[in-house]
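Two complexes are shown next, each including chain A; its partner changes from chain B in the first to chain C in the second.
On to the complex of A and B.
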């Protein structure tokens, strides 16, 4: 059997103790070092001391899943468990503490996190949580697991695709084939929102290079030719310099070096694209467009103008940026955009990339179902490197996990681990849906069960069409 | 008596196989050459070092051993916890020590007839633990709560509850005895021979099992503490109470010195420093009767003080230690001579510059078991020896008040005529000759101490000679004895030093040590680790192999929980380990193996969870 793409994971223990959901306290006066807790704990919270196994080491709180086994079995009743206040204070309303603990776990182990006994909810919520996926073929992959005999591709392509191919009499393709490049998984690294430092960039670039994916980077911040195959320079304010002579010359080297570049959208963007293509026809160009009320128009314009990749961005919390509806979420925005291009029968010709608010592995699958070809992630990369999103660095204060002092190799491994775990989850979803290619998942809205649709189906017969808006916000 | 040849050791090893554990390590043998008494010259007089220690795991093994011993004429010294100080378990001529630690099973509980059959090595604490979930309880039990059933049968037989239930003999239904001939006999209470096995310190046979009579578990204990102006008033009160037909479970007398020390220990003047008694009832009606009786007599203390003293009944050695070596004398006295005896001994003690503490269990309508103890310090040898001579003096004085020594062992052997009358002694001697013709059981003690050097030093322990000596002692000893200067010795002591010299070797810790329980290794027994520490402190030679055993400890602290003297054992262990580590290094691998062996042991977990009440 041909070799499968798989991501090799290596345990990368956190440098700083992660903030766990629970705090286990051991009463030293009561503890008799009997070792019962070390035997009953499934998660490795309790260990004997390495240097002297007659004594117990401090409980590793962040590994605790709150199963209470140690509490119940301790013959001395020396252990107590409580919620960790610091855990509840992690992140914000969108970046919940659970997201942190799961990303930390995945970055450390590369394994899919298990939440414990049963799913405790929520069964619906805001953002990506207002959508479920239909996994009616769930029995299939369980036959021999996601790494079993089944071949499931997670590769995606960047670039323009021709709607039809023409052949000569000898059967040779004569229509011009645009440049295309593939990456093995539908996730690339977006520019990070903060925490700019050489070591972090190096770690991300190493990981991207290892995984064979892309990493967006502002070349003014950092660039290293060693990783050029994976780096996608983000060129901003190009059209401002456009009218000046040789405006793009300073980027010429970069453009030639890289497989793909990204330019920020403005009115003159088509001219910029033309100019870049003049420098290198082989370089794929992505246009970065912020989601807003005019997005559909812009996308339409770009798609028809022959754009190869359109990168649609929401803010860090997945909210649309320039819109009257401040609560509009990235999932709904991409769904509309996707549908528009489908209506125009041009959807397959352009690559849509989505970023903003992608915080968990399931969000990738959901974004793809809603019409994205590929997703770009930002904050999860920093969280994987132990960031607590405390925003102290925004105020110029010291970082509690000393991100700047990160060892790039170690950092890269944590990112690789995270991506490995995310890809596994994507494979699970694909397998459960009976799909063998993530490209088949794109725009597969038939697989999506949207909360609002369910609500309409259920209550419209009772309250009449539109009558359900009164109960809309009560998930 | 012959020594044990290498060939014989191998023979025993092959014969016993897995049915017994044999050990002959130098340090281990040394541990078995002692009991809780500290007698500096004992090694000069006797061959206290056994040749071999055997820990039989079943009665079959014991039978095989006794057969070989009788054939080869090897001396046998059965041993329980060794919590007496008279030398009853100490070898006198080398030979084999039979350690009963593994013969501690509870064979049968007969709920209907309220009886329990246990092996002789079972500890009283084991029985209590076993009965915790039952509706039954023990009748009387020794104040050495962690001592063995066999041990108490062979020695005194008086303890807590003796007032109500009398001597141990009356609460035992039957015993099984193994004779040197290899015969096992079940001896019932009504058998003529039955009483011969009580207090005769293993001269006639090895006690294998005992069937104890139990009682319905009392709902609660109701202790009362009453103060008196003088000892005479105490005796009068007790007699009046008995005459009034009141039947308490237990009566214990403590003197003012005892309460003074208790106050000192608690760092608060809680008790009046007077003569006092703790009268305990377990029957509500009797208790009511007592309350109305006692209302007009004496001064009653608060209930919690009475409860405290009642709780302390199992920690009789508690305030003896603290940087000093405790010395004690136990004697059974007629109640009417109780007061005059106490007055006389306090005068005598003053000459020896010691302060006596007196505790007494009233063991019936007429008798009291008197425990006189005082502090000395073996590190000041001259004074210690002088203090040591006070013990036979106290005993001798007791006999003049028609008292009898509580036990004989080695050191009280000169008092045998005071314990048994001529006729009885003759009967015992004849019986000994009949059942143990080769004198393999506990030779060289009890009937007559027989020492090394052709028994020439043993002449001193001859009753007549000894009597003469005790006449001279009051003249010379006080000249030699100096008051113990406590301040000097305790000031710069480390926790380990303090612990080592305060340990009274009661052995409570051994009963509560999971490491000892699982490994059954005598060197892991906390009190023995302290003995090793003592050798270390005194710069005696220690073998690395023995030192490494000290590290096999989980630092669980359960030894500390039952320590009579509240010794800071955990700190002591850490300090001892540190010192040994500096000298021999830390046996990392042994520690690792030990920890996993513990965790794999079912006995370990059973024990650990048994602690959870």
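On to the complex of A and C.
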């Protein structure tokens, strides 16, 4: 049995008070400072003023859980609870306020979000919300992984795999074995979308090297050889300078140093790969392809040409980038790509990496079910560092959480905490499905309950064919 | 054997419905939709409003000069506008206004909307059914919230008296002792530890009043429930907390919990904060340490193993009915057939959006399918196998109202199990803070001695009795509109339902 991988977590409290869901307003005219609210509140929202205990201090809103006790027990009806506008305005329609508050919680504590009462959200939704993961019951046993009672492996491999091994008469393997490299969990860090600063890079690199995973980085921005085992330089615009043999020489040192490099896709990419392999045969090469209408063709071509890793990117909201169908979601795109490679009987030979719109732990599991080997995350890394995605930095304005002044050690711990919590949630899902290895989850569409399918299987027979399958989520 | 004859005697004669008593909120101020605002700078305290309002919103207490603060929760809101006693119109100084209550906006979520929570409170208060779409569906945009009844224009049975409409459900369709419940629902498992003993007692009392059942959950069988043995189901779950021969022999129904809808594939969670000395004693565990039940039953890895389980119960308590609670994986139909052939009497399907005292959010949202799909899947498959009329199918997990219950039955269940609605009747606002610290701030899902004082057993039982009465009236109303006389006629009648996603618009072009 391999050594158990576990992620040690240390409490890393937020530097700034988080944005809470509720605002409690105290009507100063009505309040008689009786202190009933301090007695009934379990969460410390209401306190007396420290300098003058005759009076109540302002409610500490971010601690409020919305239990309505103080509202209902205030003898003067002086308290009102409101939804916090700042909370509702966090992020956008894809990066919902709930995603923020959950990532903050996980980055701080390293624990998975556990709560009472049933699920509170919409029935289903777009993209990853239009599927459920399956579980096992009685006929196929589950696995008791989460508390370490059974070991569930989450490690995945990068690199090309051979479909068959050939042996000589003495039993020695004669087929050439490709380079392969394992990381202990199916999540790597993608290039961050904004907020470039030395401290953030340092924090990310520290976390990546602690976790034993990879971090994609633009070497023109930042590179520190100390972390080279975890860094994956993203080399762009190579073929533009191809004829001068200029592009690669510049990166030669980097290519030799790193376990893996990533090159952006263009028509000359196969030539680039060839040249890189000349510099270092041991370096694994990933090809970054933007999801679009031609993706499946490109992937097919690359897979047959011997590409080791294909990194498929969608935009930050998980939408396909170059497509006629603007609403096409990364989940469906990866599913189609995966199926195509399965049809061509080449799926197992190549590693597919997926990025774009991975916002919660469940998205990792769902992306893998839909055919990705490994996922890459971007914005959640910044959110873990308390980013509010207010985009003020896009306009050159000051950052409300002073990301540039981040202490890299503290930042790294927040990210380690988040990844620890995400991995635990992945274990929960794998355990419920009775799987002991995340590699077995890849492309297991039979272990997904897809909204369209289940609607078709059950309701079509009852209500007649051709439901609109409108996925509505509104509140 | 002595006890079973006792039951037969009791089942022989009819029992009248329990008494509905007014049971207002246990907090001094109730949360309501409307807010009556008096502008004190304009008010001259003439007392006109107190004189016209028939609901007692405005009051001038004897001996007081000023009219007291409006009691908004008594106001009927917009419905009052056209009435001759509308205080806003009568006020000579135009000092009054009626608006939406700020607090009301912040309560609820898309599954349990503010109106469903407040509506359940109203039903628990007065025991009367509520009408109007906002009390029927939530805002989740799928499942029950997209299903509606299609009432025929003719053939309604509205002339029939309410008492002649049969809402009874026979739980045993196999050989052996028959057990019928007077309403087609019973209470779901909530363990001692996840909720307080008072809540358990209140639920048990209400179950006895309505001639139905409630379930102990997996946290053992507290002695205080002894008087309610005939209305209890005891649960054998993966943690096996407090399971003993004695506790299995006390009851008429034993439930195996293989999985729970809110956390399928995971064992029960009781975080350390809530494991008080008392809870620890009941569970034979150490106080203060988190209790995570294992998953699965490590003695069950096949349907054959499952049969051994059922046989074990039948050996210990031969008269008991065996209920098997499972979650809703994609092969739930196969699981259901297996359960039948293992000899169980009841299949209890718990859908993925069901309630819980503590569960990882990822499990609540993502693992297994919603109950709306599982019911027709199991119902149809059991029919194809020719065993549908030999086993009782009970559904739970996200059933919030009597309308949801009726829809679940029309989709193919025989009856349903209530969990969260019971707690909402006791004042739950679904803040989701049941799991840690001292537990529920409203005194429901807690074992904290001080917090449990918020609820009294008598009050709690009355609230649940009232809620069940309102639900039963609603079910009767639905049956009458469908032209039916018994709830059993509704089972599997999906032709009575329409799905908003399947309504075809007019052909264009």
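A few comments on the model shown:
The working rule: the second predicted complex is superposed on the first by the 382 of 475 C-alpha atoms of A that agree within 3 Å, B and C clash if a C-alpha of one lies under 4 Å from a C-alpha of the other, contacts with A are read in each partner's own complex, and residues count from 1 in each chain.
Throughout what follows, a residue touches a chain if its C-beta (ideal position, glycine included) is under 8 Å from a C-beta of that chain, and two chains touch if they have at least 3 such contacts.
From a predicted model like this one, the values you see are computed outputs, not experimental measurements.
In the superposed model, A:461 makes contact with chain C only, not with chain B.
By the document's definition of touching, both partners, chain B and chain C, reach A:75. Counted by residues of chain A touched, the larger count belongs to C, out of chain B and chain C.
In the superposed pair of complexes, A:66 makes contact with chain C only, with no contact to chain B.
Using the contact criterion defined above for the overlaid structures, shared-chain residue A:399 touches neither chain B nor chain C, since it reaches no partner. By the document's definition of touching, neither partner reaches A:279: not chain B, not chain C. In the superposition on chain A, A:53 makes contact with chain B only, not with chain C. In the superposition on chain A, A:34 contacts chain B only, with no contact to chain C. When the two complexes are laid over each other on chain A, chain A has residues 75, 77 in contact with both chain B and chain C.
For chain B in complex with chain A, the residues that touch the partner chain are 514, 551, 553-558, 591-592, 594-595, 598-599, 604-605, 608-609, 611-612. Contacts from chain C toward chain A in the complex involve residues 25, 27-31, 69, 102-103, 105-107, 109-112, 139-143, 145-146, 258-259, 262, 264-267, 269, 271, 292, 294-296, 300-303, 306, 326-327, 329-332, 334-335, 338, 352-370, 373, 376-377, 380, 397-398, 411, 420, 428-438, 440-442, 445, 494, 497-499, 501-502, 504. Contact residues on chain A toward chain C in their complex (touch as defined above): 22, 40-43, 65-69, 71-75, 77, 80-83, 102, 112-124, 132-139, 141-142, 144, 146-147, 149, 360-362, 365-366, 425, 428-429, 431-434, 446, 449, 454-455, 457-459, 461-464, 466-475.
The residues of chain A lying in touch with chain B in their complex are 32-36, 39, 48, 52-55, 75-77.
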